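The structures considered in this document are given below.
Paired with chain B in one complex and with chain C in the other, chain A is shared by the two complexes that follow.
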Partner chain A sequence: MTPTATETAAETATGTATGTAAAPHTSAIIATDRLSFTYAAGTRPALDDINLQVAAGDFVGIIGPSGAGKSTLAAALSGVIPHYWKGSFYGAVRVDGRDSCEQSLTDISRTVATVFQDIEAQMVAAIVEDEVLFGLENFGVPKADIPGRVTDALDLVGIADLRRRTISSLSGGQRQKVALAAALALRPRVLLLDEPTSELDPASSVQIFETLQRLNREQGITVIVIEQKIMLLCAYARTLGVMDGGRLVHHGPVRTVLEHIEDLETRGVNAPRVTTFTHALRRAVGAGLPLTVTVDETESALRRAFSGAANDTTHNTQGERDVYAPL
Partner chain B sequence: MAGLLDYTDGSSVLHRLNPLTKLVLAFAVCVAAFVTGNLWYLAALLAFSLGLGFVGGIGRVALRLLWTLVRVCAFLFVLQLLFIRAGTPIWLFVTDVGVATAARVSLRLMDATMPLVLLLSVTQASDLSGALVKVARLPYRYAFTLMTALRFIPVFTGEMAHIIQAQTARGVPFDTKNPLRRVSLILPLCVPLLVSSVGRIDQAAISAEARGFYLRRRDSGYKDYPFAVRDGVALLVAAALIAAAVLVR
Partner chain C sequence: MSMLRFDRVGYSYGDGIAVHDLSFHIAAGEFTALVGSNGAGKTTVTKLMNGLLKPQSGTVYLDGVATASARTSRMARAAGGGVGMLFQNPDHQISKNTVLDEIAFSLSFGSMSRAEQRERAAAIADEFGFRADAEPFALSRGERQLLALASVLVAEPAVLILDEPTCGLDWRECMLVMDKVRARNQAGTTVVMVCHDMEVVGDFCRRMLVMDEGRLLADGTPDELFRRADLFGQAHIAPPQMVQLALRFADGDDALSRAMAPTADIQTALNAVLPLLSARTVQSGTCGPVVQGGVT
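Moving on, here comes the complex of A and B:
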C-alpha cells in the first residue's frame, strides 16, 4: 500500500505542545512535522497536527485517554502508516532524517523495532526461540552471533526458562515478554512499544521498565513507550507526551508536563498519586514544595519542608530515579 | 490442552527425523492408500499411522484423531451404502459392492489424513518451512505462508472454542445433542471469526515485514537440516509402503 498524500496540511492549527518547539530538531532520530492522519473509514482525524521530536537517546512516554490516537501515532512512527493503513496522511514523519514515505517499512524497521499492542497477532512462530530468531534470520545476523543475541534478549526480559515453550501455552504477560525479547534481539536504535505492560502484573511491569531504562542508559537505545500506567512513565521516562483527541496537547520533560496536573485531569489523565498529593499540599501551604513524582522523593521533600529546608530544590532533578512504589 | 496440529515437544525418533523426511513419509502413506484397493492393506496402513503416533509419543493424540475420523467416516460409510446400488443385495438396500466401496473410501480418508496430521504434530512449523527453503529450495514466502497457515489453525480453532464457551455461558444451547441445531448455531459465528482472522493475519503480515521479512534469503536461516541414517531408513520404509501397495492392489 502507498500513502494517499504526503503534502503538509496548510490550514491545520498549531499544536499546543508544552515543551518542544515545532521546528525539527537536528538530533531528532524521529520527528513528525505537522502530522495529521484520518482513517479511510473515519470522519475526524485520528492524528491532528502532531509536532513531535524524539532526540536520539531519549526515553519518551506517551499517555492519553482511550481513543486519543496513541496507537495511531505509534503506527505512524513505525511506518505502518502510511505503508499499510489507508487514510489521508498529511505532514511528514522523519525516521533518522528520512521521510517515512520514501522508505519501505523494512527500511524503517532497520532503525525502529516495534512491539505492537496486539501481541497474539504479531507472533509469527510457534516456539519462543523461533519467534526471537525470526528477525535475526531476516536481517542476516551472522550465525555465530545469533545464539548469544537470543540468550541475551531472553535474559533481559527474564524468560530464559521459556526458550523451548510453545507460544500457545504462555500467558498474556509472558507473550508480551516474548514480543519484547524479539524486538530487543534486533538491537535497534529505537524501541517503540505500544502498551508493553498491559497484561503484566505490577512486578513484571517494573521489571520491563527497568530493562528499558538500562537499555536506554547503557546502550543509548531511544525508547518510546505508549503506556497507560502514569506512575511507570513518570518514574522512568525523561520526556512525556500527552495526547487527547488526536492532538499532542503536552510534550516536554516529565515534571514540566506534570505542572499541568489540573489540565491533565480534565483530559482523563491522572497524575501519580504522590504528585496529586504534593500538588494539593503545595496549593494549601504555598509554592515552597516541589512537585514530586515518586514516594521516596515525596518523603524527602516533606522532610525538608517540615525541617525548614523546603527551599532546597536540588533534589528535583531528572537524574534521580527512585523505586516505583504505587501509593 | 494441545489442540489439533499443535506441536508436541519430544525427543522421539520421529521428532528427530528431517522435516522433509516426515513429509515424504506422510505422503507415501497417502499415495499407498490411493494406489491399493485392498481392504486389508488399507487397514494395515491405518495401523501403521497409529503406530507412528505411539512412536512419536503422541499416542493419545493419535487415538483422539482416529476417533474423530471414525465418526466422520461412519457418516460417509452410511452415505455410500445408501447410494451404491451395484452388486448383490445382502441386507435391505445394502449390497456387497456397496459395503466394499464404503469401507474402501472410509479407510482411504483415514489413511490420507492420519499420517500428515500426526507428523505435523511432531514437527515445528518453522522447521518444516526452514527445511522446505533450505533443502527443497522452496521460495521463503511460500514456506512462510505454509508456516503461518499451520500456526493459525490451532489459534482459530481455540478462538472458536472461546466464542462457543462465551455464548454457552450466556445461555446459547451449544451443548445441544442435536448436531443440526449445533451447526445452525455455529454458522453465524463463522463470519465474525473470519473477519477477526483476516485482521489478525494482516497484523501478522505487518509484524513480519517490520522484522525484515522481505530481506530473508535462502541461506539466512539459522538452522540446518542435514539428512541422517534414520532419514534414509524412513525413506526406505516410505518406498516400501508404496511398493507393497502396488503389489497387493
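Moving on, here comes the complex of A and C:
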C-alpha cells in the first residue's frame, strides 16, 4: 500500500500547521525506497514497504499506535538498522543521497543525530557536561572548540545551569533535555527524536518543541520527531506521517493527513480535539468550514462562520499561532 | 469520613522541600487528578499516600490510620483493600516471567489459597485480553502498562493511585486503561491519578488538586479550575483544547460567545454551536438541513 498523500516538498510548504515557516528545500535529505525490515527474532516485518521522502529543512512528525514500527523506522533512518540491529533488510535508505548500507554508522551520525526513546540506554557519562562533550570528542572536534559547543548546546535547550550536575540527580524531563543537548552539540543536519517529551509536563513539552522549531527555522535543521502527543505535532510539524502495522499509511501536510480523521481513529490515532470538533461541524452543516488543527485556527474559523463568511474556504494560516501552551 | 487525609504534611529529600505544609482530604469513591509541573511534588504525594514515604512533619491518614505509625500489614487492610499503586514506568514493577505469574504475584502475600490466586489472576488476564503464558517483556510498552494495571487491580484495592498511567501509550491504549480505571471507580474504588494530559483529566476526573513547588495551589472540579488562566500559568499546565477555545469567547456578547461554555466535552460544545451555525448556513443557503451527528 502506498501512502494516501505523498506531497512533494513544494506542496508541503502550503497549508502547514504553523504557517509562518519558510518553505523547506526541495531536495530529500533522507529517503527510503521500498524499505522493509524484519528483526532476526521477528515473525513479521516491523517495516513493510516504506517509501518516505524527507525534504531538507522539513519538520516531520511521525505518529501511530504502539507496535506500528515508529521506533524501528527511527533506527533505520539513523543507521542503527542495518549497522547495529540485525535482521532481514530490503530496499534502501539514503541519507544525504548515499545508501545507508554503504556508509558507516559514524558517517551517518555526522548527518543525523538521534535521541532515542530509551535515553537511559543512550547516556554514557556521569556528569551533564561530559555527556554533551562525549560525542564531540568521538567525532574528533578540535579540543579548543569543545567548551564553546557544549555551552551553545546547553543554552539552546535551556539547561546551562545543569552543566555540572550528576545525571543521576536529574529528573526524567531534565535527562531528556540533556540527551537533546548532546545531539545538538554535534550540529547535525537532521535531528531525529523518538518521543522526546514522553516524561515532560506540558510546559516543558512545549519548550522542547519551541526549541526544535527554532532550530528548524533559524538553522535549517531538518527535524523528524516521533511523538504520541498529536496536538504538539499538529502545532509544530509541517508534514505528518502515520504508521500502522509497519506501513506508512499516510504522509503529507498535517492538514491533509487529518482530513483522513475517521481512518486515523480506526488505526488508534486521535486527532486534536478542535479538529474533531470542526470535523463534526463540517459533517453537520456541510462545506464552508475549514478543518482546523489548532485553537487559533478554530477560533478564527468560528468567528468567520458567524460573521457571514462561512463560504470562505481559503483558510489562511499565515501568522497564526498555536495556543497549545500554558496561558 | 475521609479515605485519605493530609494534615499539614511536609517532606524533604534533603536538597529541597518536595512537599510543604500540605493539607487536603479525599473522600471514598472520588476520582481525583493530581496535576502540576515536573518537580511540583506530585509523585512524592502519591508515595506519602501509600506509606512508601512517611511524613517528616504533619500526618497522613489512610482510612483514619496514620501511615507513619501503621504496620505494613495494617496498611494493606486499610478500608478493606489497602492501596494499589501503578508506577509511571511499568518495567519498575514487572518481575515475573509470565502474565499469569505477574498478575498473581500481589495476591501471594495474603492468606488466599494458591488455587484462588491463579483463578483470580486468570480472570483478570482474560478481562484485559492477555494470554496467561505470555512473557511480560515480550509485550509492547502499552501492553506492559496494562499488565501492570491488571496486577494492581487483581488485589481489589480500596484506593488506586496512578502515576502517569497514560504516559507513552497510544490513544487507543490510553482509552483502554482509563476505561478500566473508570469502571473500578464506578464500583467504589477511590482513584488518585497523577496526570499531565488535561484532555484525560477533563474526560475522566471529577476533582483536581493543582500543585506547584510542593504546595497546593488549587482544589476544585476540572470545570471550575480550567477557567482559571492565572492558575494554569502558575502551575505550567494547559487546559484542554476545547476549554481554551471556549475561553476565547468568554468576553463576547454575541450569540456564539454566549453559547460557548467552557467544557472539555466536544459533544456539549457541538450541541451549543450547531443550532446557531446551522441557522446561519441555512439562512445564507450554503447547505441543506442539518444532520445532527455524534462525535466519533
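Observations on the model:
To be clear about the criterion, the second predicted complex is superposed on the first by the 287 of 327 C-alpha atoms of A that agree within 3 Å, B and C clash if a C-alpha of one lies under 4 Å from a C-alpha of the other, contacts with A are read in each partner's own complex, and residues count from 1 in each chain.
Simple rule for what comes next: contacts are C-beta pairs under 8 Å (C-beta built on N, C-alpha and C of every residue); 3 or more make two chains touch, one makes a residue touch a chain.
Note that the coordinates shown come from a computational prediction; the quantities given were computed from them, not determined experimentally.
Residue contacts after overlaying the shared chain place A:Gly288 against chain C, while chain B stays out of touching range.
When the two complexes are overlaid on their common chain A, residue A:Ser27 makes contact with neither chain B nor chain C. In the superposition on chain A, A:Gly135 contacts chain B only, with no contact to chain C. Once the two complexes are laid over each other on the shared chain, residue contacts for A:Ala305 go to chain C alone; chain B is not touched.
In the superposition on chain A, contact is made by A:Val80 with chain B only, not with chain C. In the superposition on chain A, contact of A:Gln219 is made with neither chain B nor chain C. In the superposed model, A:Lys143 makes contact with chain B only, not with chain C. Within the complex, the chain B residues that touch chain A are 6-7, 9, 124-126, 144, 147-148, 151, 154-155, 158, 199-200, 202-204, 206-217, 220-222.
Every residue of chain C that touches chain A in the complex is listed here, in rising order: 15, 36-39, 88, 140-143, 167-173, 196, 198-199, 229, 232-233, 236-242, 244-245, 247-249, 254-256, 264, 266, 269-270, 273-274, 276-278, 280-281, 284, 286-288, 290-296. The part of chain A that touches chain B in the complex is made up of residues 78-80, 84, 104-106, 108-110, 113-114, 116, 118, 120-127, 130, 133-140, 143, 146, 164, 166, 168, 182, 186. Remark: chain A residues 64-67, 169, 171-174, 195, 198-204, 206, 228, 230-231, 262, 265, 268-270, 272-274, 276-277, 280-281, 283-288, 295, 298-299, 302-303, 305-306, 308, 310-311, 323-327 touch chain C in the complex.
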